[in-house]
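The following pair of complexes shares a single chain, chain A, combined with chain B in the former and chain C in the latter.
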Partner chain A sequence: MAVEVMTVEVAEATASGFAAIGAGLAVGLTGMGTGLAQFSIGGAAVGATAENKDMFGLALLFTVIPETIVIFGLVVALLLLF
Partner chain B sequence: MFKVQTMSRLLIAASKDQLDTIVRELYRHNLFHIEDFVESDEEGYEGFKIGMPLPGAGSVSSDLIRIRSIENSFDVSAGEVETTVRSGTAELTRKIESELPVIEKEAMALIEEKSSLENTVREYGMKIAELEPFTGYTGYLEDLKGFDFFVVLAGYIPAHFGFTVPNESFYTTVNKRHFLIAVVPLENAEEAERSLLDAGFQAVAIPDETGTARARIDWYTQEITRLNNEIEGVKGRILAQKKTHAAFLVACDELLTAEVERKEAPLRFATTEETFVAEGWVPIEKKDALISDITSATGGKVYITELEYDPVEDVVPVEYHNPDFSKPTELLIDIYSRPQYSEFDPTLLVAIVFPIFFGFILGDVGYGLILLALSFYLRKMLKEEAGRKLLDVLRNASVSSIIFGLLFSEFLGYALPWDPIGLNRHLNIGGHSTGHGPDVTQMLVLTAWIGILHITLGRSLHIYNAMRKHHPGKHRTKVVFGQVGWILTMWGILFALWSLFAIPVMPDLTGFAGIVAGLNIFGILGAVMVVVGVIGVAQENVLDLLELPTIISHVLSYARLAAVGLSSVAIAMVTNYIAIELIIDPQLESLSVVGIVIILMGIVVFLIGHTLNTALGVLGGGLHSIRLHYVEFFTKFYQGGGKKYKPFGKNRKFTED
Partner chain C sequence: MISVSTSGPAHYIYASTRMRVRKSKLLPREDYMRLLNMSLPEITRFIEEMEYKAEIDDLASSFSGIDLIEIALSWNLANEYQRVLKILPGVMKTFARSYLSHWDIFNVLTILRGKSQGVKTGKIKEILIPAGTLNVATLDRLLAEDSPERIVENLSSWILYPVLEREFAAAQESGSYAEMENELYKAFYRYVLKKTTEGIKGGKPFREYLELEIDLTNIKTVIRLYKGGVREDVRTLMIPGGSFSVDELARLAGSESIEEIMEGIRKYYPSGPVADLLEERSGGGFALHEMENALTQVMLVQMDRISKRYPFSICSTMVYLKRKRYEVANLRAIARGKESGLSGEQIQGYLVM
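After this line comes the complex of A and B, so read on.
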């Protein structure tokens, strides 16, 4: 069986590949998390705003609370890539 | 600027015979926000009753209802009528007397004609539906009726039916169902019907027509076509009437609406047998003109005084007071909530910062120019006030986009002939990297800076609001120290970070010698700031400690400025790469007929890609910029919920005195 020799270049390429995968996972999974959380909040917020327009500010506030998750994911991804 | 319009609270008292004059004067000025009178036993208001409408209110409102119904039948709305000539009030009143009945009669006649024609069409349609099953029967329909000794049965049946009684039957297929016409002797009719019902027979009435079903259907179809033409004719006449009378109708509407509002104004006043009292708000600089005009109109038979009020406790109607530049942005503030009277009005700040954020996200000369052109073009088309304000906001934002595009050296994803100034957002797509690739780290840190400063400004504004709203005392001190605590905690964390790590675009404080536990002097300073800050936050409200992580998450939230912008650059560059380099360029090398078709396809791809990216750019750039204001900035200081200033009166568009 041939033994694969891991050169420095191969190791670096592998590392950056894994970093890219990690970045993708970070954005993708956090995006899904945010989406799941915003799904029900958003529905309720639109309903509340339809009933009473003054609710808009508060409703928007509630809706965007989960966005923090994806922002964290994004920051992690960008730090991994650059 | 930064403060809403200062109001004066006026009290107008006069005898009732001046009521009409004063109401007229108030309406004309369109300045007086009436404070509705509520009957109560409050001291000083005993014996006051809500006023009665002025005489003639009933007949004016019924005139108005007539006008509105004509407008409805002609489908006229004030928004679509161009103001060319304003009608004089006196002439209009005379015309309402003389011309309105005629117009109303015409309108009613036309509408009636139209609806009766439409009814006939509907009726004929039903007749056709009734006749349809009999199209397979080629005999005359009148032959199926009028027997003395026989009964004719017609209807749908699931399958061919074996009669047990003497009969003559005829089957056809209508809409894939069996249709039966059967003649049975009168004495067997009952039995036949019963057995037919058992077999699932659905009886159909025989149409009261003469001639064959096919011929009748043709006749009715022809009639419907003819009637439809007639309806079109009536519609044309209605449209012609609309064109002739629209201007008159909207002018009448405006005049009478004003009249009704004036006549009903006393319902909002406090009255006694002989006098009335009106309370309301007027912008302070317009106050003197209003008072002197009312005084001269009534010949001095009026008592007007300015009342004291507490700007914090009393609910004062709020009108913006902004320079022209930031007026369109009022729309964005109103969407969130109108400021309270005693509160800091952030409109001007938003008007400056919003376009900067937008430009930072969508910094591209090409997209900026497209949006600028779009905003000017749509502004000409749109008549609505709110829409125009929104387009003005877009105009300011796209100018900022162009400026940032020049800095970033971007034109529809291409580089301009110079290197980016400050930040480089050019990505390495399709193997052409210009320069050293995007400055992502610098951008992220810069956005963090923007966040830190924006949030610190927000917290400072909270302190400013507290100083203005609360009287000196324990409560105010608590609020102020709470906000100082938030600021200290944030900057304390920053100092600690700076002393530990060297971060680009931020001060490097790592070079100083460690004193305690590896922390240098700035690290210790940061730690002390955090501790003091947390104490400050906790003394205002212990539960606020749960909110401490938002210090980090809100600052990081500004990273979207970099991220959304980079994604827009990426889409633009990918579109260019696919359209130009992958589709068009290879064909240009050796032109052929097929090649030209492919080149055209490439152009389509290019256009679709950039159109989509422009739309995404407006949505992304606009929504994220405004969201940073609403969520990250406003939550730090802004309360909102102010009452809108709605002056009594109307800006007249179609009429004049």
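After this line comes the complex of A and C, so read on.
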């Protein structure tokens, strides 16, 4: 059986491939986490705003707080890719 | 075909939040204290500045004084319940409607009693509270009928119709709807208890609450019977489905002393708010309405407790519906008490806060 030799080019291509997968997972999984957190906050925010229009600003603020999770994921993805 | 999903947690979160906001707008204890020191016109002005404005404005041209307050409160309760039903999605709406069907019993019996005693249609309509599953149009149709038989026939699609149909002939024969009313309430509790097992979120804790409500209603009946000196067989007056068996309740109602009744209740409630309440009233020297209000207060506190423990379930909605009902009852008691010249302290004894 022939022995396969990994060249530098192949190693670099594999590393960048894994980095791309890691970046994808970082954004994808944190996106799902954000979604899970936001659906309950969003539901409550829409409910509170429907009852009291003055709640809109505060409700929006609470709804976007979980966005930080996906931003962390995005930062990790960018660090992995560049 | 595109359809909107009305199951899943998001709907419970949305509806429960709306109910919690509405509950926070209900009158706090301090406002009741202020109302107790006001005159009738001041009370009217006070409630006009609250959620009751639309109803007061609508009715001000037709009614005045205590009638205006009473009818505006009833209309507001009915409108508010209908608004809540519009907000609730899917299975929550079905469940809330089933619980509100006790208003149907009240309305149907009011119409039957009014018609059989020859009361004018307009006068009966003033008393109705269309907060249940029978809407205003249906109630108007019932009011347009003259004979009780035709009224019952018109209710063939009502969920409690089988019980109504079964009991109606005997009620007509005896000339009293009391027995039929008891049977309808028993059927109502059976129906709601069954509904708690049909996949509603928070159904199990609400079922436990309902069992407490049945127990406390039965305890109130037992104490009323004892205080009223009724010593005959009272099995038919008791609602099955709670912790006490009907036989046990009948035995309690026939007790020789209030202490014996308290002891019988303590067997099922050895600790907790009911036991504490019995301890406070152990001497037997209490006014009946105070005891009843204290038991109602226990029910409301328990409802609050389960709605906090299960915040995104049907419990938040039910606690709001219940609290709203007692807010209206309290405002009516204050207005009626003021009209009758009772002192603030006397009226306070009738309030559930």
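Basically, the second predicted complex is superposed on the first by the 82 of 82 C-alpha atoms of A that agree within 3 Å, B and C clash if a C-alpha of one lies under 4 Å from a C-alpha of the other, contacts with A are read in each partner's own complex, and residues count from 1 in each chain.
In the analysis below, a residue touches a chain if its C-beta (ideal position, glycine included) is under 8 Å from a C-beta of that chain, and two chains touch if they have at least 3 such contacts.
Every value quoted in this text rests on a predicted model; they were computed, and no experiment measured them.
Overlaying the two complexes via chain A leaves chain B and chain C side by side, clear of any clash. With both structures placed on the common chain, the touch criterion links A:Ala20 to neither chain B nor chain C. The vertex angle at chain A, taken between the C-alpha centres of chain B and chain C once both structures are aligned on chain A, is 50 degrees to the nearest 10. In the superposition on chain A, A:Phe39 contacts chain C only, with no contact to chain B.
Of the two partner chains placed by superposition, only chain B is touched by A:Leu81; chain C is not.
Residue by residue along chain A, chain B and chain C are tallied for touches, and B comes out ahead.
In the superposition on chain A, A:Gly47 makes contact with chain C only, while chain B stays out of contact range. In the superposed model, A:Val10 makes contact with neither chain B nor chain C. Once chain A of one complex is fitted onto chain A of the other, the partner contacts of A:Glu67 are limited to chain B, with no touch recorded for chain C.
Of the two partner chains, chain B is the only one that A:Phe56 touches; chain C does not reach it.
Superposition on the common chain places the nearest Cα atoms of chain B and chain C 11 Å from each other. In the superposition on the C-alpha atoms of chain A, no part of chain A is touched by chain B in one complex and by chain C in the other.
On the chain A side of its complex with chain C, the touching residues are 39-40, 42-44, 46-48, 50-52.
The touching residues of chain C, counted against chain A in their complex, run 9-11, 13-18, 21-22, 312.
Those residues of chain A that touch chain B in the complex are listed here as 54, 56-57, 60-61, 64, 67-68, 71-72, 74-75, 78-79, 81-82.
Every residue of chain B that touches chain A in the complex is listed here, in rising order: 335-337, 438, 440-441, 444, 553, 556-557, 559-560, 562-563, 627, 630-631, 634-635, 640-641.
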